[in-house]
Structure formats: structure tokens, C-alpha cells
């Protein structure tokens, strides 16, 4: 259970809460990250967890989003986050119904005056890990495992492929979708077939399905410690997930981190200070430090590669390189190389 | 082509192993006349117990942990299945209803405990899993060695061996004969001095034990943690495998391997050149469509044990 | 006779009470406050007109899913495929809701019928395979669930959207939503679907108990040989039972598509409503009226549970435990009956 | 006097119902002792108490003078008591041997020693003249052989006291004779036997003593040599019983059922009915006599449309009905009292009332435009219950709760009430007591007298001889002889049924 927070910060004038999708605040992904941001905000402002402070509600099914958002409205939270693109409709609807309340949505855009939208340039972060993969691969065969084939994940895919191609035109990227974000068995089977076919780096954007990718890589590594195979994590720093038991090594090459916590913290602070960006869509990219590669990358990636990554990062930030977000854009990007 | 088989077959076997264990459990239970659609829930308990044990005791037991976790999961799931046994055998419950209750309870209880113990919706990742192995000697056989005996997990091979053991037990030993008698005609068994209730209790608990193993190896090898999504439908697939295999241990194993094969084909298929342009949805539904086709085409009707689903009440005609 | 009927009613009531008591014990053992927990639950289900609206909204598909399971059950078939039939029904309803623009009196019924037909078709396949090839309906319906999930996702992606993850919103003319109901319940997602599901319950009762078709279906469910002997077409009845069951499930999907969500999105997994329908049907004793009550109970538990973590710090999973125990006690009704008879005897 | 079994003042109560009310039965060593009573008199209950399936609520049991408590069948087995149940206790999917050894299997290294078991079974079967095939599946063997398996089960366990609960109800005359020989052989080996049967002739033939019970009460024990069937019947029923059913000479009319060259295959694809010819006229009862398994079942199922026939012709009142659906055939005017009342005759979980309209529910007045009219249905049910003396608490009671005899009466009521031109009755009195049999025979004759054609299939020669106006003997799927019951004997019929050709004319093929 939650450790009791400082009690003196009694019902202050500003309260904030979020609704997670079914993943919950410990999904090792954006829900967890968002909650970390909210916790940080709450603690720094002396709020307590619960009504009148900061809080979250977890949804048990798609049908719960609206109910949970509504519940938070009823509990008079000043700013209410819907976490995840799945919540788009529910946020749109409640924003209409409660025009006097302030809402925010992460990973999607809702065009309402009382909704602030937060999205990320996942393609930019993916591009960077793509650069890492392209430079680190020995076999010139790289894999991408997506959760579901939806536009959001397509952004990861396109950015990643662009990053690989940019630094290593000879490398091929094999793309597979598991069809779900919670099918570790499929993740494992896909990883197994990819590694068996000579792929040595797999980037997963597949939530819990990615657990299977990690488990396969770890098992292979345990069987043959000399095997050079890697996983690239997503959303958070997944270095720990890649730890090979009995060693201090990790199969995690790098991770594409998405700073939902930063964005959530940011927006909550703005709103508290009376600068609620209602009706706006704020996009967090490399420039805003909203996406990037994990600091643990240095454990497995040599200095010169990191340097290259930094160069590309600068190019993206100053607009020299426009990272593709769809497959069509990727085709153009590829042609332009 | 061989290369493709080297990819498909080991992954088929690893997909199939938890299903084989669980389906064999189902064979015991249903052969004794007790419907067990609670297999899903029993797998959940197995997965939960296996992961929690592994996380808690990995430091003490080291490499032995996953095996001990498997045994503990077996015991706990078997105790849990007692609920189904009491309801279905002693309390004459509708066995389907009781099985549904088991499924709900297993998931609710284990997630409740996870929240209580770990303060979150899922456990951490287990650190000590089963190792991938090449079976000595056998894996050196040309052609089939790499396909069948390399890159596998010991529990997977154990599952296949167990199917033969179960076959032996059910068809060659007095215990098996009595078990089948109880499932076909409990009153006849009763008049022959066989304790129907006792046989059924044993059978249901065996089903719990085996489903517990199935769940725990699934969680340890594949998901590595326990959450609401760890076991999602595998128990039902095992049930299907058991019916598909006509309540026969080797049939159930064959069906489970078939599911594993279809599943693995649907994944690896995306990488096979001539399947590459097939829309993914066709590959995704492949395992399920193939199963239906197989049932329709060449398996035909399966006869369930005659007394399946009916509580035995002494002296009732 | 009437004493028997009384027992039939008392059994689920006792099961519910025992389930709730057991849930309280679980809470006490694990260090939660059962009174706070249940108060939160109750408040979250009925404490406010908004919550009442949400509860009724949740009850709506439960009734239909329960009817679908029960209908098959009564005719001797176990339809685990309600989930898949619901998904295709949902898809079909939204498809019609998006693709056409018609007057409401035509559009709404058309969308619901489309859902019923889609569900019926999904039920037809296992029914047909059972009738024609004696293939066990349990396996086929399990497999059909997965096929429904993947196929509907593919359709949403490639037909109902441009590789997107959800369809457009349905036209208002196909919607079950109503300003009136929303204003009545302070913007809950309550919609007119509840009326449809209540009508469906009456239809099921009437069809099964009062018509010759229902007579045949029940006869086939109990004894195929005697039904064949009596001149009934056994195979036709097996198929019909699955088709009607599937139609109920399809309409349950329409409730989600035309009422609760007004669109359909790619699903990562099952909705669970179809599986909960099994429990609803069983608790409701597979009869229409019982199913309504059971659906209300389940709906209230599910919606009310959302209030428990925030108001009483109790994990929502507790409700799943309570539900499971209730089903368990219903299953073990023999025990309750035994106690009841003992009690009655002593009372005399 | 040495008694091997003494059941003294046994009382057994089910709920409020006293099934055994202080019944006493004493069995001497080496005797065959009959237990006689109407359906539901409590015979099976008493024997189940002795075999340990039920616990008595009063009285005591002594075995060889020693008071015992038979808590379960295992105890009974240990005391040397074996029981051949009224409803066979055999696992269909097992072999003969597996059924026999079940529960006391010989093993070798933890594995069933099936060879040893088969050898023992073979030895045992030779010793007592109980011919069985140890390797055959129960589902594939005849009822007679199944019964021999039941007997072997008890002998295998070393029983020397054997209980036979209505063993002859399901047997053909030949098989009954064989069984009688077997019982005599068993007694010669020093075994003692309790035999339950409704057939007084059998009692007279093989039994030494007989105990009669009526409605749960013991009426008394008699020496068979000092009594006669009439006395036994009236003791059992409590009134006079007529064995020969009175009937007028038939007024034979036009042909109703005409079968020509009918060929039917059984479930395994073997020809069961082989170019069979048969005609049944209005106003006559044709009885089909034959040993079980000579195509009777397939013949009836083909006529009633339950299975498809290969070729030939079946005409009803001149109209071809071969391979029509059961419903079309029923509507043409065929009524059918099926052989297996639980499987075909009734939906056991329906109330009696709904069972009464199983073929007519879709017609007025029972339904109109697809809506059932329960008032009409239950009115009809009440009428039939009254007319056919169906003993049931009410018309809402589930058919399952009725005794076999009453279930049968309900079926007959339903079929007769539809007023069919052809009534097919298959084993209509199997397992019923004399009172019920008398009632049913009267009803069949009543139909005939109303100008209907009746086709009766029965393994009971008595019944065939008594009720039929003409007897058609079926052998290997053909009608091998048509005889007049007044001009034949049981011996002759028995020979014909066994396939020996008749010298005189009248042989049709």
C-alpha cells in the first residue's frame, strides 16, 4: 500500500488526478510514467494522495473510462488526465458535458477548449534507437516487434526504420506485429524466430508483449553467453528487464524513453499557475526532452556510437532531418537518402 | 525449408507444453466424470504461485527455484481444485457452474493478493527461469536433432514424456481402469466396491496439479511475471485440446502440439517468403480456423465419458 | 410445488448473502475495513443518480449476454462463444451506424438487426458444425471467439477506418443515446438499450415457454432421441438454438456499439462481457427473469467496485472474489437446499 | 435348518415412503428362492439392502447365522454375496474381462495382467457353462451375453450367494432356458440363489420356495411345490388375475401396412432386414416373434422413419411411406410404442403433461399460430392420466419421477389417443408386473376391435401367443413363417425362431 504522505499539506486549493487504462499505474509503461510525474508534482506541492490532492483511478475495461473520468469530476479535481489514446472518446465526451472542468489527454489530441492534449514525437526517439541498432548490428538484420498495428505504433516503426537506414543502408528491418499488447507468448515466439533467422537487435513497441521478447533474449543469452543479441526497450528505461540472471549483464541495448512524467508534471504545474493550455496540443519531442534514449545505453554501447547518436539528435532538433511518422513518409525518407 | 522447421517446431513445442500439462489434467478429471472448465483458473493459480514462489525464494534456492516453484504451484493448484471437487462431487453442484466459479475466483484472488503483497497490479519479473537446452546426443542427430531436440526447455520435453506416462496409467493400470469405470458408469463401479467419490477427488486434484504445473511453466518461461493478462485463454485452449484429442492423453498431446504448431506458423509465417503478402489477419486466425477445419474434416465426433457432468448419488437410478 | 419454488428463489438469495459475507471475511483477514469497502461499493453503484445510470448501462449488455448463454443452455448447448458473437454484433451495428444516413426509425432498428444477424451468423457456424458433423460446440465457439476478435480488428482497420484504430462515430440516427436519459442521470452513459434488453428477456421467456418452437428446442435439449422419434428435426433445432443465442449476443454488442461507445475500436483482448454472461445466466437460473436480477447484481458489483479503491482503499478485485463465491454457492445449492429443508423441518 | 441368509424385519424408508416394511426373507443353502411382487413392491430395495447399496432403517441381517452390518458392496462381496442387477452394471466401452475384474484386478508390476485375467475368465466361463468372449466389448455383445458377464462378475469374486434381480425380463426364450440351466448348475455347485421375477412360470419351473411381498409388506413364504400360479398372482396383487386375455375373433379388414422386399442396414452397415415381406390388416394383431437381434429393431425403426432403409416398399393404406420423415409417417397414421421408453418414448425432464403432446404440440388445439395452449395440453393430459390409470401425483410431475409401468401407460395413452390406423408396439410390457401387463394387453386388443392394425414385437412368447391373431416369425431379417397362434406350440415357435424351416405350407420369405 502507499506509504502515508506528509499530512500537513491539507486540502490545498489545487488537486489533480488521472485515469489509467487497463494497464494500471505499474504497467512499466506510460501509465506508470504518468503516475510518477503526478506523484512528483503532488509531493513537491505538498499534496496528499486522495481526494483534494492527487490521485488516480484504474480502469478495468474500456467501458470504465467515462465512468472513472466522471468520478473524478464529481470529486472536484481541478485537472483530470486521461492517460493513453484509448481514452480519446471518453475525454471528448466528458469535455463536452463538463465545459467548466479542465482535462488533459496523453498520447492523443482532443480539440476542445477545456482539454489540453499531450503527444510525443515517438518517431524521433525511435529514430535514435534506430541509429544505435544500425550501428551495433553485426548481421545487418534488425527486428521490430509492434503490439497492435495502429497509427501510434506506426510512428515507432517508421522512425526506427529511418534511423537504421540513415546510418546503415545495408541493414534490413524485419517488422512483425503481435496483434496485442499483452501476449508475452507471441512476443517470445516472434523473438525466437527473429533471432533464429539471424536478427541480432530487436526493438519492441509492444507493452507486455515485449516481456516475451526479453525473456527469449535472456534465455538465449543464458544458453550461450557469447551470443550477441540485443533488445531495445520502449517507453521507459528497460535495462533492468534485460538483466541476465547470474551475471551483471543486460540484453537491453538501449531504450526509447518517453517522458510522460515530464509532460504530466509540466502540464500540472502550468495549470496550477493559471496557464492551462486549453484547446492546445503540446507535442513533446527531442527538443522538449519529451523523448530520448535511456541513460543506461552507455553500459552496452560504445562511446563512438553514442557520439553518432548525439549528432543525429542535434540534426533532428535543429530541423535538418525530418523523421517520418508513417510508412508513406518513410518511403519518401528512404528515397531521399 | 529446414531452417523454417528449425524455427517453427521448437516454438510449437514450447507453445504446446503448458497446454499439454493442463490438457492431461483435464483428461484425468473428465475421464472420472467431472467436467472441468476451471482449468483456466487452475492455470492462473499455478502461474501466480509459481511466480510468487520464484520471486520470494530465488535467493535461497538458486537454479533450483523454477523447479521448486513448479512443484509448489502444483501443490497449491491441486489444493485449490479441491473447491471444485467438493462442489462437484460432494455437493452435487452443476460442474460447469462450479468451474466458472473457479475461473473467476482464481483470477480475483490472485490479483487481490498481488495488490496486497506487491502494492501493484503485477509482480516483478522473475530472475531465475528455466534454461534453454540442447538435449545431449539427441540434438546431434542430423536433420531432426536441430528441429526437435535443440533450443528447447526441459519442462516442454517433460510434458511430452508425461503424456505417455498418463496414457500408461489410464490404460494399463488398475487405477486407470477404475478411473474410466467411474467416468463411464459410476454405479457399476460402486457395485464393484470402488469408491466413486474418492476416485473423483483424486482425479480432480490431479487435474489441479497438472494445470498448476502448466500455469507455472507458462509464467516462468514466457511472461516472467504475473498479471491479469498472464493466463488469458490458455486454459480454454487446453480444454479444447482435450476434447479435440478425444479425452485421450496422447490425443490431447497431439492436439496441443497441433495448436502450438498452428500458433507458431501464424507467427513465423509472417517471415516466410510466400506467406509474406498474406494479410496478417489470415495468419492470426489460422490456428483457430485450422482447429475447426480439423474437427470438421477428419476427427469427427468424439464420445465423452458417459457419466461426464453428472454427480453420482448413491442409489439413484 | 410452491414450497419448491420458494426454495428455488431462496437459493440464489442465500448464495448472494453468503458470497457477501465471505467477501467481508476476506477483507477482514487482509486488513481492510469491510464496512467501508461495502459502503463504497454501494455508493459507487447506487449512491447517486449518475451512478445508477452507469449501473443500468452496465446491466444492459449483461442481460443480453446472460440471455444468450441461457438460451443455448436451455436447449442443451454450451455457448462459450457469446463473447465472439458480441464482438461481431458490435462491429455490424457500428458499420450500419456509420455507413448509412437514414431516418432514425429505420436506421436504429436496422443497425440492431444487423448486429443480431451478425451474432446469429457467428452462432450458426458452431450450430451447423454440431448438427452436421457432431463437432463439439464448446471447442468451436472458443475458436470462433478468437476469429471474431481478429477479424473485427482487421475490418475496423481496413474498412471502417484508414488503417486507424477505431471507426468513426455512428450517426445520431443510429444512436441509442438520449439527451433525456443523460440529463436524468447527470451525464451518465445510460442509453435506451436497457429497454431493448428487457424486451429481449420477455422475448426469450415467451419464445421458450409459450411457443411450439420453444417446446421443440427444450425437447431437443433434454432428449434428442425422443425428439427425433416425435418427428422434430433435431439438427434444425440445434442450429436454430445457436442462431437465436448468437442473435441475443449480437444485440448485446449493439448495445455497446450504438449506446455506450457509439463506435468500435480495435481490441487488444476480449471485452469479458460474454464470459460474465455465463455467470449471469447461471446465477439467474437460466431463466429470463432471474437473468435480469443477476445482471443487476453483477452490473452493480462491477460499477460499484470502481469506487472501492479510492473511497476505501480496497482493491477492485475483491468484487471478483465475491462474484466467484456467489457463483460457487449457487453451484453448491445442494448444501443450501439441505440446510433449508432441515430448517423447515425443525420449524414445523 | 441352516439358513445362509436371514433378513429379519427389514425396514427401509425413503423420505416419507416406506419401501420395505418389516420384511423377512430367509434363504436356505442350495435353494433357489423366488422373490415376488408387483412393480414398486420393494423387491429391488430389499436386495439392495442385502447388497450394501442401501442401509436398512430397521431389522437385522444374518449371514450363516452371524449378525452382519453390510455397509457397502465391498462388505457384501467379502461375505460371498453377489448381485446381478435389474439394470445391468456394465461399462459399455470396456471388454468383458475388464468388466469382470474391475475392482479386483490381477496385476504384474503395477500393470493389469490382462492375459492372466482373460485366462481366469475363460476358465470360469467353461466351468459354469457361461459362454462369453473375454475380449469382446460390452457394447458389441448380446443382452444374454451381457447377463452372463454379470453372473461371471459375481463368481469371479467368489460369491456363493447370488441375487438375480429380474434377470429374465430382457432375455429371449432360448436365453431364459440357458439361464435356468445355469442357475441349476450353480445350485449344484453349492450356491444359493435369490431370484426376482414377474414370470410365475419361471418360479414354478426352477424355484424351491417363494417369498411374496406387496406394497412393501411381506405376505409370506411358500413352498413352490405346494402352490400354483393363480395363488401366487392373487397373493401378489391382492385380487384375482386373468392370465389369458379374453378376446373375440378378429374382424379382418383391408391391408393397412404392406411391406415388400424391404432392406435395412443397421448402424454398422450390416444388412439387418433382408428383403422382408409382411402385411398387417385392419382389425388384426400381428405378432413378430424372434430372437433378439434378428432385425426387429431395424424393421420398426424403418417403418417409423427413425432410420433410412435401402430399398423395397412400405405402404400405409396404399400410400408409400418409406423413408419419409418420422413426422410425415406419424401424420399418415402410425402410432409407435417404442422399445426403449427412456430413450425414445419420453422427455424425462418434461412434465407428464408436456410429454402427452410430443407429436401433436404443433396442432390445434394444443397450439395456435405457434403459441402453445397449455390449458388444452393439460386438459388432455388429465384425461389420459385418468383413462389410462397413470399413477402420478399430478400432470405437472416430471416423467422421470414415474415408475416404469406408469411411464409405459402414459406412452400407450398418448399413442392410442392419436387414433392411428397402425399401432406398433415394441416390447410394450417389458419389466412390468402382471397387473400392468393385463391392462396393456386389453388396450391393444381394444384397438384391434376398433378396426386398427396392430403390429406387436415381443420376446415374450407368452405375450405373442396370447395377444396375436397371426404370428410372423423373423429370422435373420426375413419373415420365415406365418403361423396361427391357435395351431402352434411354444416348442414349434422356438424352433422356427432358431432358423429351422417349417415343413408345412405358410412359409413366406
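Note that the chains are named A, B, C and D in the order they appear, and that numbering of residues resets to 1 at the start of each chain.
Everything below uses one rule, namely that contacts are C-beta pairs under 8 Å (C-beta built on N, C-alpha and C of every residue); 3 or more make two chains touch, one makes a residue touch a chain.
As the structure is a computational prediction, the values presented were derived from the model and not from experiment.
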item: Centroid-based (C-alpha) most distant chain relative to chain A; value: D
item: Centre-of-Cα separation between chain D and chain A, whole angstrom; value: 76
item: Chain C and chain D, separation of their C-alpha mean positions in angstrom; value: 47
item: Length of the line joining the C-alpha centres of chain B and chain D, rounded to whole Å; value: 45
item: Interchain centroid distance [CA atoms averaged], chain A/chain B, Å; value: 35
item: Where chain A touches two or more other chains, by residue; value: 1, 58, 149, 179, 182
item: Multi-chain contact residues (two or more partners), chain D; value: none
item: Multi-chain contact residues (two or more partners), chain C; value: 150, 153, 269
item: Full enumeration of touching chain pairs; value: A-B, A-C, B-C, B-D, C-D
item: Chain C contact footprint on chain D (complex, rising order); value: 304, 306, 325-331, 336, 338, 343-350, 354, 358-359, 361-362, 367, 370-372, 396
item: Residues of chain C that touch chain D when the two form their complex; value: 1, 210-216, 218-219, 222-223, 225-233
item: Interface residues, chain B side, partner chain D - complex; value: 168, 172-174, 177-178, 180-181, 184-185, 187-194, 306, 314-315, 317
item: Contact footprint of chain A on chain B as seen in their complex; value: 3, 6-8, 10-11, 14-15, 119-122, 125, 127-134, 151, 153, 218, 221-225, 227-230, 232, 263-264, 267-268, 270-271, 280, 284
item: Residues of chain A that touch chain C when the two form their complex; value: 1, 50-51, 55, 57-58, 60-64, 66-68, 70-71, 74-75, 85-86, 89, 94, 97-98, 147-152, 154, 179-182
